[in-house]
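In what follows, a structure is listed as structure tokens, so that the remarks can point back to it.
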Amino acid sequence: MHHHFIDRFAMRHSPIHRLDARAKLLAVLSYTVVLISFDRYTVTDLAPLAVLPLALLWFAGVPVWFAVRRVLILSPFILMLVLMSPFYDRTPQAVAFGPWHYTVSGGWLTAADISIKFALGVMALTALMCSTRFALLLEALRRLGLPQVVVMQLGFLYRYLFVLIDEAMRVRRARDFRGAALAPVGRRLAAAGGVIGTLFIRTLDRSQRIHLAMATRGYRGEPHSLCQLRFTSTDVVFLLVVALYLAACRWGYPKWF
Amino acid sequence: MISPLLGMHMANELLSVPIAGLTLVIAVAAVAIAALRARRLATDDRLPLMGVMGAFVFAAQMINFSLPGMPGTSGHLGGGVLLAILMGPAAAIVTMTAILIVQCLLFQDGGLLALGCNIINMGVVPSLIGWWFYRLLLGPPSRAAAWRQYLAAWLACVAGVTAGAALVPVQAAVSGVLQVPLSHFLGVMIGVHLIIGLCEGGLTFAVIAYLRRVRPELMGLDPSGLPASVRRPGFGAVLVSLLVTALLLSGVISWFASSLPDGLEWSYRGHGYGTTGQAVENRSPAVAAVDRWQSKWSPLTDYTRRETPLGQAPGEGTAESASGWPQPDGWSSLAGILGTVVTLSLVYGAARVMRSTARA
Amino acid sequence: MTDIPVLLQIDGLHVHYADGVDALRGVSLAVSPAERVGLIGPNGAGKTTLMLAIMNAVRFSGRIVVDGIAVSKQTEQAARSRCGMIFQDAEDHLFMPTLLDDVAFGPLNQGCGEEEARQRAAAAIAQVGLSGLEERSAHHMSGGQKRAAALATVLSMQVQLLLLDEPGANLDHRSRRRLIETLDGRPEAMLLATHDLPMIQRLCGRVILLDQGRIIADRPTASILGDVALLQLHGLVD
């Protein structure tokens, strides 16, 4: 039952943690939009965009290596795609960075471009999740317009995610300890099917019990959370700073350099 | 620590802003419709069901099944199709949406702006297509023979998973960021996901077999009407399902591959490749990609390496080179071999099942 | 007969399950306000079913009156706000993202405003000794904490009758002791179903022995727990 890697950070306190969840969500969302709005060859223009995720991580007290590890763990699929592009796109492109001038084939630029954007995007998202408790984020999503049905389901999912994963791990361990790896294919498949089927039935029963618990506590309609989200002047300042920063990255920096 | 199971989620960076926006809008509309329908159909005690089922899918993904003859690889359940079969497509879509949001937020798997695409590719499409295939092939559920149910589930998985995966290259291509030709990307994604769909289909079939035995009412069967002997998945049922699935698969693969290039010639022109006349790579990158994924498989030795098509280098944006798509033959042979390998291993698996049921 | 007011009155309660089992066969009992009654019996005796019937979560025939309200589909909401039931498995009892939300769930549904619900929740959380954990999610809590949290979720509803189904199961010694102390200080009436005879001895003045859906005995604690032959007959002690 030791899965608290994100929650561990989210429970801490810092200036970033204290910001309203909606502000942080909007900031990261706009950041991501600006990030992908850059053309695929303008790799060097991406440089100043590294500031935001690093700053958020730093002020939230989250070690940067943690975010970098997230990037590495998630990269295989994207890397596979990205490494294909140098084979296809061989148009030479000029790259200038300060005093250096290179000519590189377009495919490599695209590969670098997508990789950098990916890394920055993941780090920004990590910064958001490590500085915001999930319950608050859920409330922010609700206030920003996510339908109540989905919010409720998200709440249940989050709540029972680790319970069910633990259950699955216990059952899987029981299966492994009884030599499942040595079994012939048919029995192995049947065992896997049985385990998942059992989990499913248990989940059905569990959800009925949860409903019973809700009903006996008088549930009639939509429950709403008591999580308070308060938009303060700090949040307004934060959003303004981020907006200016993003504008500078998108339109200022490319022109000035 | 749980290692997050990596699906092939769409990433922000492969999308352009307008496409991200468009897919988000489509996804929101689809989820809203599904939510309304699920709410209406669900009885009161099913209320927490969808969220908790989302947790179930996560948990079920932990149950791996090591593939025969391929040590180190394992099959997992994606979930969309199984959910649709068990709960109907509307509830499945809402559940998959919750799952994808959690994967995006808690595990950063899949970008914020790619949520629209992911919801469509891994939620809406597999649920709808899987459900449709399943019902189409099943006929009336209460009278469905075992083999028919297994076959329907298996094919539904393959169809649903592959259809969703096929959308990824389309979305990437329309966004114009990644410079891999659509047909190659499509070929790889479809090829890989046909195999993934097969594994997922196998697991789905096993789950349904179990539920048929233990809680037949869940599968739409009348529990009292089934004699005990019928309830056990017989060897015959398994074998027939496997063989038919394999045969159908090989047919589908080659059909798909050969119809690919004609419909998508325009994608070459649209991307404006460079005009350098470099020599063709010996190994098609698509094959390299497939090989990278199936590293433990013996190489597809009879695969026709890509020859220089009609004497022209790839990536030339002229109409001639587009029509010089060399793959129909290469892909068909790949298809044939894939089909054969798949069929053989399935028959092998079925034989094992026969031995174990005979012993039981 | 006596002029002690009755909080819970059950007459001729029958519960028949769809799979053919007769869970309860003609149960009658009465509980006074602030009275603590222990419910013992082997597994399958019908203890949980009895509690579910009081909460109108199973179909029953017979008469159940809670605080003057006859329990039925129409009066369900009113009756449920008088009783609070805690299941054996606390896991399914806590389903909101944070503890505060879970404990406030009941009051909010009872019609309290947000501020009042918050206050009631905070008070209940303090009463079970979990102050400071309001923002925690249930999967971060230990078994004992979860059990206490579940108790808080019904205490915040300011019920008059607590229905506790195996509250001490799977708790370590310290958590169990803490639970007993908490329950001991409560003013509510209590129906406590458990195998934990020492817990009953400590908390309850009266014990009902249930077996195969029937009440075998309904006597003061000392009398029943001292009747070893009776307990042996129904498989409760060696």
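Before moving on, here are some points about what is shown:
In this document, chain identifiers A, B and C correspond to the written order of the chains, with residue numbering beginning at 1 in each.
Following the convention adopted for this analysis, contacts are C-beta pairs under 8 Å (C-beta built on N, C-alpha and C of every residue); 3 or more make two chains touch, one makes a residue touch a chain.
Since the structure is predicted, the reported quantities are computational estimates derived from the model, not experimental observations.
If touching chains are joined by edges, the resulting network of the protein chains shown is an open path.
Of all chain pairs, the one joined by the greatest number of contacting C-beta pairs is A-B.
Averaged C-alpha coordinates put the centre of subunit B at 49 Å from the centre of subunit C. Computed from the mean C-alpha positions, the centre of subunit A lies at a distance of 24 Å from the centre of subunit B. Subunit A and subunit C have CA centres that are 42 Å apart. Multi-chain contact residues of subunit A (touching two or more other chains): 134, 155-156, 158-161, 163, 206, 210, 212, 214-215. Touching of two or more other chains is recorded for residues 95 of subunit C. Under the contact definition stated at the top, the residues of subunit B that touch 2 or more other chains are 48. Taken in their complex, subunit A has these residues touching subunit C: 1, 4, 7, 11, 133-135, 138, 155-156, 158-163, 206, 209-210, 212-220, 223-227. Considering their complex, residues 55, 57, 77, 80-81, 84-85, 87, 89, 91-98, 100-101, 104-106, 108-110, 114, 117-118, 121, 135, 137-140, 153-154, 157 of subunit C touch subunit A. Here subunit B touches subunit A in the complex through residues 1-4, 6, 8-9, 11-17, 20, 31-32, 35, 38-39, 44-56, 58-60, 62-66, 68, 77, 86, 94-95, 97-99, 101-102, 104-106, 108-109, 111-113, 177-181, 184-185, 202-203, 205-211, 214-215, 218, 273-274, 276, 278, 281, 285, 289, 292-293, 314-315, 348-350, 352-357, going by the rule given at the top. Subunit A meets subunit B in the complex at residues 2-3, 5-6, 28-29, 32-33, 35-37, 40, 70, 73-74, 76-78, 80-82, 84-85, 87-92, 106-107, 110, 113-114, 117-118, 121-122, 125-126, 129, 134, 137, 147, 149-150, 152-161, 163-165, 167-169, 171-172, 181, 184-190, 192-201, 203-204, 206-208, 210-212, 214-215.
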